[in-house]
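Okay, got some structures for you below.
Next, two complexes with chain A in common: one pairs it with chain B, the other with chain C.
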Partner chain A sequence: MSKSTGYAGQILEINLNEKIAERKDLNKEFCMKYLGGIGFNARIIYDGVPVGIDPLSEANILAFSAGTMVGATFPTASRTEVSAKSPLTGRFGTANSGMFFGTQLKNAGFDSLIIKGRADNTMYLLIEDGEVSYLDAAGLWGKDSWETIDILKKKYSGCEVAAIGPAGENLVRFASIENGYYDAWSRTGMGAVMGSKNLKAIVVRGTLGIRPHNVEKFLDVSWKARKLIESSPFFVPFKSYGSMNAAMPYGKFNALNANNFSQGCLPDWKEDFARSKVEEITNGHIACQSCIIACAHWVEIKEGKYKGLRMKGMEVTPIASFGSGCGMSLEASVKASEMHQKYGMDMVSSSGVVGMAIELFNRGIIKTEDIGYEVAFGDDDAILRLMDDIAYRKGLGNILAEGTLRSAQHFEDGAASAMHVKGLEIPMIDPRGRTSTWSLGILTNIRGGDHLRCRNPIENLRYNENKYNFQKERFGFDRPMYDALDMPEDLKPKAIDLENDTTDIAVMSRWSEDLINLFNSLGICIRPPVEHKIGPTVLAEAYTAFTGIQITPEQLMQSAERIWNLMKLFNLREGEKPEDSKFPQRFYKIEVGGKKLDEVQMQEVLRQYYLERGWDSDTGIPTEEKLRELGLDTMQS
Partner chain B sequence: MKNMLMIDHHKCVGCKNCEMVCSLVHEGICASSLSRIRVAKDERAGWNVPISCVMCEKPLCVTVCPVGAASRNPVTGLVTFDEQKCIGCRQCIQVCPFSHANFNQALGVAFKCDQCEGEPQCVKYCPSGAITFEPLEIALHQRRQETAQKIAADTLI
Partner chain C sequence: MNKQIMIDAAKCTGCGLCQVLCSLSKSHQFNPSLARIKIWREETRGVFIPLTCQQCVNPPCVNACLMNVISKDPITGVTVRKTENCIGCRACQIACPFEACSYDHLLNVVVNCDQCGGNPACVNICPFGALQYLPVNEALNTCRDAEAVRRANL
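On to the complex of A and B.
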């Protein structure tokens, strides 16, 4: 496939020890089975990472794969997946980011970049129109990611940069890889893997272009997809407020992580983080490649201690992680976001581990002399100082840099304050306040406690009734919403019960995980207006017109399912146990807003989800029959 | 009134949809380097400025072209390059005050915006209304109203 259409056509495999690169042509069967993005990574990591290795050893592999549809006119197709064995969870580590890196990678000639081994001396890579250069990073090592990107963007005009900051260099287990200044491959510690390889940055630029197979049909389907997205009722709110839309509903439902999941919502949340406050400090919209929503905003702090701080921001996850999870002010939450981008550190895990430390401090288990200063929820200065200590592994920060699961073991009864699932810190949402497809996803997610791989495409944030034994969530939309959903006709009535106005959480979780997996393979954004309106039918049409490879909607969904199962097999091979799929005990024992989860009932929802996946209902292990159906029966788990 | 390609960079979100569709309809490939409109940007500082041909009344590219490949239609005002006549000397690129004229390495010829025979695709694909194709008087009226609205709001007692 050297004269490839849609795809760039090649995978670049780089060995850092030997400074050699190998180019492998894609073939049609591989493309159809694994699609691109996370799908390519799943196969690369499963095949290439030996069982049981230390993720920070040179045996680990770091894979960057651009989504298939990236770098053309299909709306929101901009995203690139980065995967490796996670140093934080020991499982399939993976993170997804947009902007322009994937476009440049494909323009440089490659759909995927596989990085093996470890450089003898600190290094950065330049990948340009099919060529690779191995360059000395001595002048960059020690610099933060913004300084690094400044230097490289000046030196290689028009390039895109993936870089690590001090956190990645210092092997903080939740270090991120920064994707330009304001975006990142953030979760599961991909930056620590890059740091362990002595790799400071990857610079990509190219002029090779991306050629759709059938230009006319591809433009037609791009336009059709745009009109679909614009017709979603979620479109205007997301264009206006981005992901901050979720901040107030989740607060209202007592469904936020407030002060390390000790409350459902902070008392002043509504006043301090209201839309009007957000509007005061934001202006202008920013888009990723080919986006038509432009959900990101410019933020400018106009008064107070951080006056003059100007950056792209106002994503709900960082704002809620710092503002609610640690009780910081809105202005300090923006400051903390800036710090994490410069240091290259995951905001969710960082706020999670800091939340744990403050709780342990309040419980008298961590003492002032252990840290060197006092910490408290809402103490902006102390929290920022502790985060700085983590990035540079100073004092107690050196322990916290190991993440909640590991660092909790250093403290008496530390585990009781460690809010993670499978070693990954749980983000802003508390399932006690709102039990939904989204919250079950935290439990079933391949990468652990994370909310971005499972979400009801017709989620209705007006409702949070918990009267269905955690098995259903309120649908609450009109019939046309149901009719227009791009979902197989036999699955629709199972997922949505129109008569009783409910969505089945287990069925919808399985469907939306596969759908999001498909998006992450093709490089499409998972923002609600997109997830609501774009489904396998329009994507099959787009994939075929773009690549020239005939594919059906059913085949696309099966590939997405195959990819999910393969990542699950990776986790099982690394020793994942059925009992790992549990929330922290606090969610079952302590109420927030008068609600808690029922462990037995949650287990039943999980059992239904396993059955829906075709997995053993007790163990959550894919059955032989399912693996045979997906062509994965020869894989070792 | 004749239509003009108008760019309001304050509205640009930096998505590069214009670059993708432009190179696709002209060259059958999505490549910024072959687009007739380019979004100059500084992600750190936060500005995006789309740059295309402004169709000069006295175009330097036409003046400098030694073989008459660059020409301006006196009726429509459209400045175009004839790829058949172009000898690839790149003088038009050197003199273009907006760094708009560009060079197709594969074909060895210069290229520029041709306004897609009256239906610029960048206008159609721009999601934020930053690029419009309309008579100058109408575009300016719109902008004047928007500015005036702000002035009026600021001075309301």
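On to the complex of A and C.
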């Protein structure tokens, strides 16, 4: 492809055993079908990972792909996807992160890195202006991720670093890869895959530049997108409070994971974790590449045990995971976030497995002598100690480091306390408190129990009474919000019933999964002000101007759908069964706030969703017709 | 000088939009390494400081240049360069107290911000008000004083 395509133009394939690298040119057809970011990864992992391999063996592949529009002026285009077969779920493992790694990767000349094999000795990679160096990581192995990043950023000025910490080295199945000091590829254990390859860090730095095809048009559409985002009613709240916006409403609806999903909300949640707390302990905002929102905060703990702790923080996922999921104090939750970033460990999975352990302790199944000390929800010190044990696989931590699904098998009736879907620990959204597009997404997500791949573009964070048999959620907005949604005109009335003020969960789930997949391919952020007004129309205009490849909004959405289906085929090939798409039994049997799920009705919603997807309505397997339509009919599932 | 780019580092979030648009305007590509504005990132302290030419009244870069490349435009007061005479020795980069001289690795010359001839791209795109293009007057001096005090207290 020519130089002026927005793409860097090459995929770099590195073999760690042989220390050799191969460069492959992108072609137009591949770009149109798989776009970039998660799309490139889907094809790379599907084609390159043999069926049934141990994810921690050298046969696994670790792929880093920058979103197509990363490193330019399109607002929030900063994100890079990392994928491999997950050591936690055995399915398609994938995680998305922003900041500046993707910008440097593209400036170094590559849209994607494919890492194969296993280094003989611990190693880090330096990728700079088209060249690869294989460097000895003996001095870095054993150091935490921030120490590693410190050393490498000082050594290679202006670089970006992806590094693992002790959890990745110790093959904790939910280890993360840290993306500089501020962000991470956290879910599904990508850090353990990197650790299994003896790869401590990847340093990227480049000066090669990114050339848009049509500068004028691309700048115009970037500006248009900015105005759309800024005019969303979600913009100001997100600018001010970031993702913490969601913490309060979810507490109100009993939709928080409180003490391992035993309650919908903690009694003092409202006081201890209110928005005012964000103002109290933060000063200043932090942005990823080209972001106009800057939802992240700089936190400074000014008093108490953790006085002096300073870091980027106060985001809802860690705060809800530790503060609500394990009942920790706000200050200790921030401390736990710091610890997880240094150790390189996923906060959601870690708090999930710790929540399970505490519950088993309370049930008398795990005993004091098994751990060496007592644990309890809200016991900050004991919980931090247990998390430390997990990262270093000490004592009981060695079992818990295997994740909830595997470690539950070590304990009598452990599965009853293991709160996961398809082996991935569920974050803070309890569907009993509020069934929604968001909560159905936890069931249908390619990566398992996770909340980040399906969310109503106009998430209303409002109470839902479940009076619609779990099939509908309240719309809760006025007509202008409906009109502003960038959705095909024939789909809109199917997804939203303005008269009855409802959203159809199955229809909206399918749409939003594809939309988020499109965002994760192009490198756009899924924060609500973006997801609300940015859709295929603007993105097709931007993609065409940026790359010079003519694409329609319909083609973009079809590519997003193709990518989702390909990842589903990967999961099916690895043995995914229809019955795996099920919430933990607790959600169907035990009430929170007077509500629980109805198994039969949930199955019906799932059936509706499969039909929307063009999949077999009973098994959730893509039909031959659908695969033919997507050009995936030659793929094996 | 009529107007000048004013940096309010307290508002900078480090998004880097100024850099990508600057490099596009000047070098026709998105490439932070070619931007004439840098962001000093103190990531472990959550501090981001944009650095660009301060259009000094008596610029150290002018004095450091052996080839008489750099001068002050008598009308606008902007520090300008005849880059065709630049030998790329980078003495001006060493002399500049603001790290505001940028090495253009495509042309092998050193460049500085010329305020885009009165319509600075970086200011136009900054979403957070960290960069402003203001008349040089009392208000500007007040801003600079406040910024100096803030930096001294960091």
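Just so it is clear, the second predicted complex is superposed on the first by the 635 of 637 C-alpha atoms of A that agree within 3 Å, B and C clash if a C-alpha of one lies under 4 Å from a C-alpha of the other, contacts with A are read in each partner's own complex, and residues count from 1 in each chain.
Rule of thumb we're sticking to: contacts are C-beta pairs under 8 Å (C-beta built on N, C-alpha and C of every residue); 3 or more make two chains touch, one makes a residue touch a chain.
Please read these numbers as outputs of a predicted model, since none were measured by experiment.
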item: Three-chain arrangement built on chain A, chain B and chain C clash or fit; value: clash
item: Partner chain(s) touched by A:Asn96 [first = chain B, second = chain C, both, neither]; value: neither
item: Contacts of A:Leu208 with chain B and chain C, given as first, second, both or neither; value: both
item: Which of chain B and chain C A:Ser243 touches, first, second, both or neither; value: neither
item: Touching partner for A:Lys312 - first (chain B), second (chain C), both, neither; value: both
item: Which of chain B and chain C A:Ser324 touches, first, second, both or neither; value: neither
item: Contacts of A:Trp298 with chain B and chain C, given as first, second, both or neither; value: both
item: Shared chain A contacts, counted only where both chain B and chain C touch the same residue; value: 71-73, 100, 103, 107, 146, 150, 180-182, 207-212, 215, 219, 226, 284-292, 294, 298, 310, 312
item: In the complex with chain A, residue positions of chain B that touch it; value: 10, 13-17, 20-21, 23-25, 27-34, 43-44, 46, 105, 125, 127-128
item: Contact set on chain A toward chain B in their complex; value: 71-73, 99-100, 103, 107, 146, 149-150, 180-182, 207-212, 215, 218-219, 226, 284-294, 298, 310, 312
item: List of chain A residues in touch with chain C within their complex; value: 71-73, 100, 103, 107, 146, 150, 153, 158, 180-182, 206-212, 215, 219, 226, 284-292, 294, 298, 310-312
item: Of all residues in chain C, those that touch chain A in their complex; value: 10, 13-17, 20-21, 23-24, 27-34, 43-46, 105, 125, 127-128
